[in-house]
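Shared between the two complexes below is chain A, which pairs with chain B and chain C, respectively.
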Partner chain A sequence: MINIKKQEEVFFKVLMIMSLIIIMSILFLIIGTIIYKGLPALNWDMLSKLPGGGFYLGKEGGVLNAIVGSIYLIIGSLAISLCLSVPLVLYINFYLPKKSIFASIIRFSFDILFGVPSIVYGAFGFALMIFLGIRASLLGGIIAVALLIMPIMMRSFDEVVRILPRDLPDALLSLGATKFEMIKVILRQVMPGLVTAILLAVGRGIGDAATVLFTAGYTDNIPTALSQPAATLPLSIFFQLGSPVEEVQNRAYASALILTVLILFLSLSARYFSSRYSKNKI
Partner chain B sequence: MNNLNVVSVRKNLQDDYNGTLLRKIAVSNAISIKDLNVYIEDNHILKDINLTIPEKSITCIIGPSGCGKSTLLKTLNRMHDETPEVKIFGQVFVDDENIYDQNVNVIDIRKKMGLLAQRPCPLPMSIFDNVAYGPRIHGLKKRKAINQTVIQYLQYVGLWDEVRGRVRTSASRLSIGQQQRLCLARGLAIEPEYILGDEATSSLDPISTRKIEEMFLKLKEKYTVILVTHTLRQAKRIADYIIFMYMGKVIESGSTEEFFNNPVKQLTKDYLSGSFS
Partner chain C sequence: MLGIAFFSLLLLLVIGVTLFLKALPIMKEKSLWVLLTSGNWKPFKGEFGFLPYILSTLYVSVIAIVIALPLALLTSIYLCTYASKSIRRIFEPIIDLLSGIPPVIYGVWGTLTIVPLIANKIAPHFVEFSSGYTVLAGGLVLAIMILPLLISILLEVFRSLPKEITDASLSLGATKWQTVKKVMLRKSSPGIIAATVLSVSRAFGETIAVLMVCGNIPLVPHSIFDACYPLPALIANNYGEMLSMPNYESALMLGAFLLFLIIVIFNGISRLTLNQIEKRYSL
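Showing the complex of A and B:
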């Protein structure tokens, strides 16, 4: 009997370690390939210059247009989806009854939206743009990406707010706080969860090519207005990979490296600010 | 003022519709509950509660688990407002005002009732801000006044000397017993008139429990204290009045001495002898 329990214990421990090894090695393989192929092609020109004529055929230039475009795009779409999903989550958790059917329907629909492929958001965004009479532009891209990342942000933030112990809202209300005053304090408590939600959303949004393909367009310049088209790193990688020239293909890896470092930088800074803001978390 | 002189314990034996005997305690300027019925969804949780709670004393609500003690306590600061499936019928008079009246501001009611919960729940802020939170949301702005209030109530609960050097650090680093006293200070800082305790010592160690009990004894000089407890010994130690509930009804209520020495109802006798709990 004891022997069986011991074997069971060993078996599942080995299983967990195995999956850890597999996942970590895949991850390192991907990052390793990007660094191995991209690092030699990475130079200051890549970061600081716009693609010149014939960039995709191996001539000089950089991907500054795509870096800036991606940053603009993610800031815009993050702002839109934050402004919409945070109030929604707070409403369904603190204003609707605990067993509200309406809240369940909202959660269920967001779960479905979560699984919708990004090309569908792109197509929907495109249809919406035609309806509104907007051409492929930064604004169109921002709207489409905002739609894409909203379900991720909403559902992951919602999960954090849902598991919040009932004690805290009760303590605040019994002190005579209004619901809004209560929410302001609760936001401090769930801040790390909100940051995680933002990071997941940014990760998905900044790396997605299909949504921006029709909506943001592509350009070799940096957009100066919302109505202008914008380049993005994923699309830039896509076009460079499609080039027959090997040098350009290597530049695609360099661009991927830039994208990865960008996400890493965003992650670390978000974690830093979140830990500073919620140092009194209970 | 001596409590016992003010409170004239009138044993008003009265039949309710089930034939249950209720001992009513009549005093001025306290809480009186009239024909209170509470339903959660379709369950009848509190049945025809008629009670008077004397001022500036400790009243303990006792009874087995699930008898409706906490539900009764929550009706006093209208915390049921937050759960729409709870339906409340009847009247609860606090200082001669029915708190379930249409035009009563729920914030004012809650400000009047300091609640001490079962588990301490400090706010995600520093020790200082925890105590300052209540006064701040109720309009205290001057830094000096806030400082004074915080120090005053931290001293009152005996926490000041323990936290003096670290009032700006997180409240979550305090021990559970200290957290509970902090929560008490936080509740007192909004200057309530009533203190409600919902099994406020059940998660504490014996030493912290004793400290909180001593606090309650000190508090009854200024406040009306209403405690839910499931330890009979605690009720015996600190209560002036006892309300015994069973299955959503008040079975017996009266002064502690009388309740423990001469219980009237058979159910009370059984409960006190430990036949059920």
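Showing the complex of A and C:
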């Protein structure tokens, strides 16, 4: 009897360690495959040149249009979602009573918004653009991506503000600070948490293809105005991979490598900031 | 600030209503039941049957969750009960990194490894020919994509269990695995179900990665080695060209609306369950 118990214990422990190893190796397999395929095709031209004539047939050029387009797009949408989510988080945490129903309804609705898939944001963005009379452009992409990343930013920033000890605002208020002055101090305290939230949101926004598919359009040039279409890295990977020409496909792998490196950098720095934050916790 | 608060509350409603209004023209023309159960997709003739897409989405998501759930359960139980602190410290960034990788990269990886694997190694044992772009490929890629979400929610669920009940079981002489099986899993079953539902709804909405590995043929798939065409892929693939055909846009918007509705319901139920669990034990 005891023997069976023991065997069951060992059996499941082995299974667990195996699943741990499987998950770990999947990550390394993904990154390894992308590096193995992407590195040979990666060169300075990829990063620094616009697609030249016949680029999609395997001739000269790079994906600078997509890199710059992605950066423009993410800066714009980050600005919008920051302006909306930071005041919102501060409002539901410090202006509403502690166990406010309104606050929990807002949190709940953002939890649901977080789960809404990017293709739905894309479709909604597109419908909105038709309604407003905007064509596929940088502006359209910015609006759609801002909608996509706002729940992520709001929820992860809210987590940080929520676990802030209540003594800090109380102490500030009892010293005679106004609510606005209190918020200035608190913002400094939760800054690393905000940075983590931003990095997470940027990581998600920059890698998403389905939202920008109809809203931002695609172009071989760098957009110079909000009304022009903008290329993005995920879409550029997607389109290049669809090409039958082998060199173009190799470039897709190289672009995938660029995107992966960018995302890994963002995730690792998000992790660094959040661990630094937990070290400073009062 | 109050304005922003109201705006954000309205957002969910606005998205739903917009998609619904856009989908209205096609629903006026044909009954919803016909649209959902017909297998004919011929936009040129004005026939829009969503059945192949709905079934494809279901099959792919079911495969994904069947593969991902055992892996995620085993991993999160291990991390919660058996693992030392250093293993946890190594493993948590790995989950973070996995969840950070963009869908399009999963898609590229899927076409590079999973698709050839299925076409050359797995499928020949079962069927005569398969291109590799199949239901199974979509399910596998999706399984990997929902793993990080599933693991992190399961970890939260297990951690919210009060330590006293597992301690009580251990002190009565149960082995660790018996405690896991008879106490942890049983006590946290609502949380596990909620986590599963949440991950399934994530799988429903995944677009680009699935689109790249599923083959995209609008027929009802008969085996896991057939190509399929999930709903999000349909929307993504056809958006540019639909404006020239009557009702095409409306049909696609109906697809988006269905997706939105199902996901909001799934998310709502599972989030409510998870919130309740958190509240019950945090007192």
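By our rule, the second predicted complex is superposed on the first by the 238 of 282 C-alpha atoms of A that agree within 3 Å, B and C clash if a C-alpha of one lies under 4 Å from a C-alpha of the other, contacts with A are read in each partner's own complex, and residues count from 1 in each chain.
The definition used in the following text is that contacts are C-beta pairs under 8 Å (C-beta built on N, C-alpha and C of every residue); 3 or more make two chains touch, one makes a residue touch a chain.
For clarity, every value in this text was computed on a predicted model and none was experimentally measured.
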item: Which partner, chain B or chain C, touches more chain A residues; value: C
item: First, second, both or neither for A:170, with chain B first and chain C second; value: first
item: Partner chain in contact with A:102 - chain B first, chain C second, else both or neither; value: second
item: Touching partner for A:189 - first (chain B), second (chain C), both, neither; value: first
item: First (chain B), second (chain C), both or neither touched by A:261; value: neither
item: Touched partner set for A:132, first chain B, second chain C, both or neither; value: neither
item: First, second, both or neither for A:238, with chain B first and chain C second; value: second
item: Complex contacts: residues of chain A adjacent to chain B; value: 97-99, 165, 167-178, 181, 185, 188-189, 278-282
item: In the complex, chain C residues that touch chain A; value: 1-2, 4-5, 7-9, 11-12, 15, 18-19, 22, 70-71, 74-75, 77-79, 82, 91, 93-98, 100-109, 111-113, 144, 147, 151, 175-178, 180, 198, 201-202, 204-208, 212, 232, 235-236, 239-240, 252-253, 256, 259-260, 263-264, 266-268, 271-272, 275
item: Interfacial residue positions of chain B with respect to chain A in the complex; value: 77, 79, 82-85, 107-108, 110-111, 113-115, 117, 119, 121-126, 129, 133-134, 137-138, 170-172, 183, 186-187, 190
item: Chain A to chain C touching residues, read off their complex; value: 5-6, 8-9, 12-13, 15-20, 22-24, 26-27, 29-30, 33-34, 37, 84, 87-88, 90-92, 95, 102, 104-106, 108-113, 115-124, 126-128, 131, 147, 150, 154, 200, 203-204, 206-210, 213-214, 234, 237-238, 241, 252-253, 256, 259-260, 263-264, 266-268, 270-271
